[in-house]
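Next come two complexes built around chain A: one with chain B, the other with chain C.
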Partner chain A sequence: MLLKVENAKAYYKLEKVSVKAVDGVSFEIFEDEVVGVVGESGSGKTTLSNLVSMNILKPLTLVEGKILLKINGEFKEISSMSREEVKKKLWGKEVTIVPQSAMNALMPTIRMAKYVEHLAHSHDLAEEKLLAKAEKRFEEVGLDPLWLKRYPFELSGGMKQRAVIAIATILNPKLLIVDEPTSALDVVNQRVFLKVLMQLKRMGIVRSIIFITHDIATVRQIADRMIVMYAGKIVEISSMEEILRKPLHPYTRGLLNSVLTPEPEIRKRGISVIPGAPPNLISPPHGCRFHPRCPHVMDICKEKDPPLEEVEEGRRVACFLYSEERR
Partner chain B sequence: MLPVFGGEKMSRLVVENLTKIFSLGFFSRRHIEAVKNISFKIEGREIVSLVGESGSGKTTTAKMILRLFPPTSGKILFEGKDIWKDLKDQESIRDFRRKVHAVFQDPFASYNPFYPVERTLWQAVNLLEKKLSNKKEALELIKESLVRVGIDPKDILGKYPHQISGGQKQRIMIARCWILKPLLIVADEPTSMIDASCRGGIIQLLEELREVEGTSIIFITHDLGLAYYVSDNIFVMKDGEIVERGHPDKVVLEPTHEYSKLLVESIPKLYRKLEGL
Partner chain C sequence: MASKPMFRFLLRRFIFLLVTYIVATTVVFILPRAIPGNPLAQMLSSLSQVAQANPEAIRAAERTLMKEFGVDKPVLVQYGEFLLKALRGDLGTSISYYPRKVIDLIVPVIPWTLILLLPATLVAWILGNTLGALAAYRRNTWIDKGVLTSSLVVSQIPYYWLGMIFIFLFGVRLGWLPVQGAYSQGTIPSLSWGFFVDALKHYVMPFASIVISTMGGWAIGMRVMVVYELGSDYALFSEYLGMRDKRIFKYAFRNSLLPQITGLALNLGTVLGGALITEIVFNYPGTGFLLFKALTTLDYPMIQGIFVILIASVYLANFIVDFLYAWIDPRIRLGQEE
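What follows is the complex of A and B.
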């Protein structure tokens, strides 16, 4: 096991209200695996990624729970580290996050190499050594090292995204978190990017990858397991193949049935609709948060919050349809 | 009575050798051929998709069909009339606007933030050929159209655009179609800005309109999955040309052009894994 999150609650604390973006999630990431986190916009995916990488800035507050990461063979509670410690010890070496649209955050007037130099400074490393490493990493992701001397606006979207991933992994982080990395790329570049990710993992540069996206068909290509989020909670965790073969949670089923890919199975299956809209996370519905939209809603769903329970080996679902408590 | 052309039933829309060249620059003029000599037909009750990446000329084609800018050469016949030559007076253009309707990608940009959302429905009512005798009757029509698209009129009447969700906005655009009952809808990426769980609803509403009113629909999209699911015919565009056309099964399962082959191959699928990752 590489990472363990125990009952984490992270709220955006505003003046009068709290937005419960992540509300009591528990999961683990094993070594040498790719985990996909899927859900609609506003389901808490990005907040979860910030939590795991300890990028917690006000108004986001970790209200409850623990995050444990294996560092040098020992589990350390990273959720109690100070921000200074996180910056020095964690980021880049243990955990790296590539936030959503990171490639568009590159300053157009700063050469790519400058980012490597910044990295060297913040980790007290020799500039030349790190630049040499960056050149090698650029080659590994299929970019000519000459691009290091170029400005970001000279690179195409696909190249920028690969350059970002190359710089982000220079220090060989154990856990790589990528947030919607392929959403802005066309399908041909998406494929190249997925290939680069898998290559980094095969070469042992990164151990495990958390891939956050709303696009199930993309994450399906590389993920071993999938976490489905809805309104700040995890509703299902399962191996990728099992979840595609037989989704258990009604939300997962609805989400899968709304995917349109050019495949004969999809034309045969048709498209289904989840009625209603995701809830407001300031005052989410009582009981199961999906109950107002659920086609299988029962009385208990309106009163009690279903716990995330193991129903088969390696499959966990938060739904009373599969729980002992169902009368 | 159906208009007849040489004994054959007339197609609802005929696009013939359509070309659009944009000229840039003042001294050294550069010419960009956005659409190159494309031809296709759409029948009544037919759904077709123009599929292609950005810059393939699909939106340019749509804008010419919507009569937003003129083609450089070629013809667009709607109900047998050349929309750029035969519509001479204001009234015939108004009539064209009634019969051809657009649904755009960004539901946020289709509304004026200073007015309540139902204004766009009142505008549709004013466009109607048959003038309604009083306001009450018009309001009934608006309410009916909202119910048709699965919205409770109480929920949106009097609200401003920022108070309703993107999915609802797109539904209201389709409610407009229920008031006007157009013969042709041009839908430019109508679902790309909407959450996955609401997307199916929008597609179903457009399909229902086709079933009930016999509306023809052109989907302009980069999403081959969507095109494959909804269309009777797919036209794949690349650099201003139609490079592949036909029944969705033919285009997706047995593509012949290099570009459509690459496109179909690269799209991530749910039940198959991409090779060589």
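What follows is the complex of A and C.
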């Protein structure tokens, strides 16, 4: 195991109200895997990535729960680290986030090689060594190392994305978090990008990848497991094949039905939409948060919040349809 | 390789410059003539008092004067002559200082204006930007709050009012500093130590009033810009990579400097116009003071002359900005090569 999140609650504390963006989630990331986190906008995906990387800035507050990360073979409670510690010990080396708008992620007015040199200073490394490493990494993501001597704006969108990944992984972070990396790319560049990600993992440059997206069609090509979020909660965790073969949670089912996938049986069924809209996270609905939109709603769903329970080996669902407690 | 596009770029700039120059000088030509009053009337009335001359002689004098200044010709002809002469650098004869040439009146005051305004503008820019950046770096601390509040207050103080307060306090009440002029009356400008100290004493108050009243604006602008840059994607990504805070701040500072440089250059361009009201308040012999006198006597050639020089210097500043920009921002430099 690489990372463990225990009952984490992270709220955006505003003056009078708090937005419960992540409300009691528990999961783990194993070594050597790609986990896709999916859900519609406002389901708490990005907040979850901020949580995992300990990028917690006001008004976001970790209200409850623990986050543990394996550093040098032993688990450290990173959720109790100060921001200074996080910056010094965690970021770049253990965990790196490629932010949502990776297109503008590179400092625009200096050459990329200069940027790498500055990174070397910040981590007390030798300039030449890190530059050599950057050149190698550029080659590994399919870019000519000569591009390092250029400015970011001289690269095309797809190239920029790869340059960002190359620089993001320059210190071999164990966990790489990519937030909506492919939404700004065309299909060809999306494929190239996914290939690059997989290659970096295969070569052991990064151990595990958390891939945050709303695009199920993309994530299914790369992820081993999938975490489905709805209104700040995890509703289903499962291996990719299982979830595609037989989605359990009604929300997951709705989500999968809302995209076109190449399977013949799904093509036959066509696309359907989930009626309604996601709830307000300031005062989410009582009981199961999905119940106002759920086609299988029962009485108990309106009163009690379904716990995330293991229904099969390695498969957890938060729904009373699969719970002992139903009725 | 880059010479042909570069040449085309320069040609385009030059044509653009010429067109705007003509437009600007047109405005300068029309505006003073729109002020009600006849500049010659004043001259003639003083003439009549002195000479006790008969109406006939005065009318004759009026005719010669009108010919001399070219006001007898149709306005369009006057305009054409003005444009041609302005391009050649001939700014005409002053009406109120008749028969001295406008250019001979402007040239001696230019150094005084430059000595006052160039350092004042630069010092205010440097101080303001440093303070603003510092405030952004120490955001939400007492430094930030102190800089922001005092900048807001100071930037709203009219500089001439500040000048008057200074005169009252340090000049009249405390008697520490001389209240008017650029040097003591009766002394002749020379390169001696004594004159330097004397001029410096006269310099302090106008200089300080300009610096203090303009640096607040720079500080506020810089603070906002740096705060914005610190929240941008590259700053965030650098943080995630474990880049040191100081380095990220340097990035933000560098990228925030671009718009500030434009502001500075445009400001420097207008420097030759003098700080009109400051120069009036302190009775400082600069171009602003000269312009004030020209305006009150409706001295058309003088007003035009000062503005022509002012416009030229603004253009020059714009030109310099283009090059400075290209130097700092590779996106502009490399974009033009293509």
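FYI, the second predicted complex is superposed on the first by the 318 of 327 C-alpha atoms of A that agree within 3 Å, B and C clash if a C-alpha of one lies under 4 Å from a C-alpha of the other, contacts with A are read in each partner's own complex, and residues count from 1 in each chain.
Quick note on the criterion: a contact is a pair of C-beta atoms (placed from the backbone, for glycine too) under 8 Å apart; a residue touches a chain by one contact, two chains touch by 3 or more.
What you see is a predicted model, and the numbers here were worked out from it, not measured in a lab.
Have a look at where A:297 lands relative to chain B and chain C in the superposition and call it first, second, both or neither.
Neither chain B nor chain C is touched by A:297.
Quick one: classify A:321 as touching chain B (first), chain C (second), both or neither.
Neither partner.
Scan A:63 for contacts with chain B and chain C and give back first, second, both or neither.
neither
Report for A:308: first if it touches chain B alone, second if chain C alone, otherwise both or neither.
Touch partners of A:308: none, neither chain B nor chain C.
Contacts for A:81 in the overlay, against chain B (first) and chain C (second): which applies, first, second, both or neither?
In the superposition, A:81 touches no partner, neither chain B nor chain C.
Quick check on the superposed pair: does A:167 touch chain B, chain C, both, or neither? Answer first, second, both or neither.
It touches chain C, and chain B stays clear.
Per the definitions at the top, what is the overlap between the chain A residues touching chain B and those touching chain C?
none
Give the list of chain C residues in touch with chain A in this complex.
Residue list for chain C touching chain A: 232-234, 236-245, 247, 251, 254-255, 328-331, 334.
Please give the residue numbers of chain A that touch chain B in the complex, ascending.
40-41, 186-188, 190-191, 194-195, 198, 214-218, 220-222, 244, 254-267, 271-274, 277-278
Where on chain A is chain C touching in the complex?
53, 55, 87-88, 91-93, 96-99, 101-110, 118-119, 121-123, 151, 153-154, 164, 167-168, 170-171
Within the complex, which stretch of chain B touches chain A?
Contacts found on chain B: 53, 165, 167, 195-201, 203-204, 223-229, 248-249, 252-253, 262-264, 266-274, 276-277.
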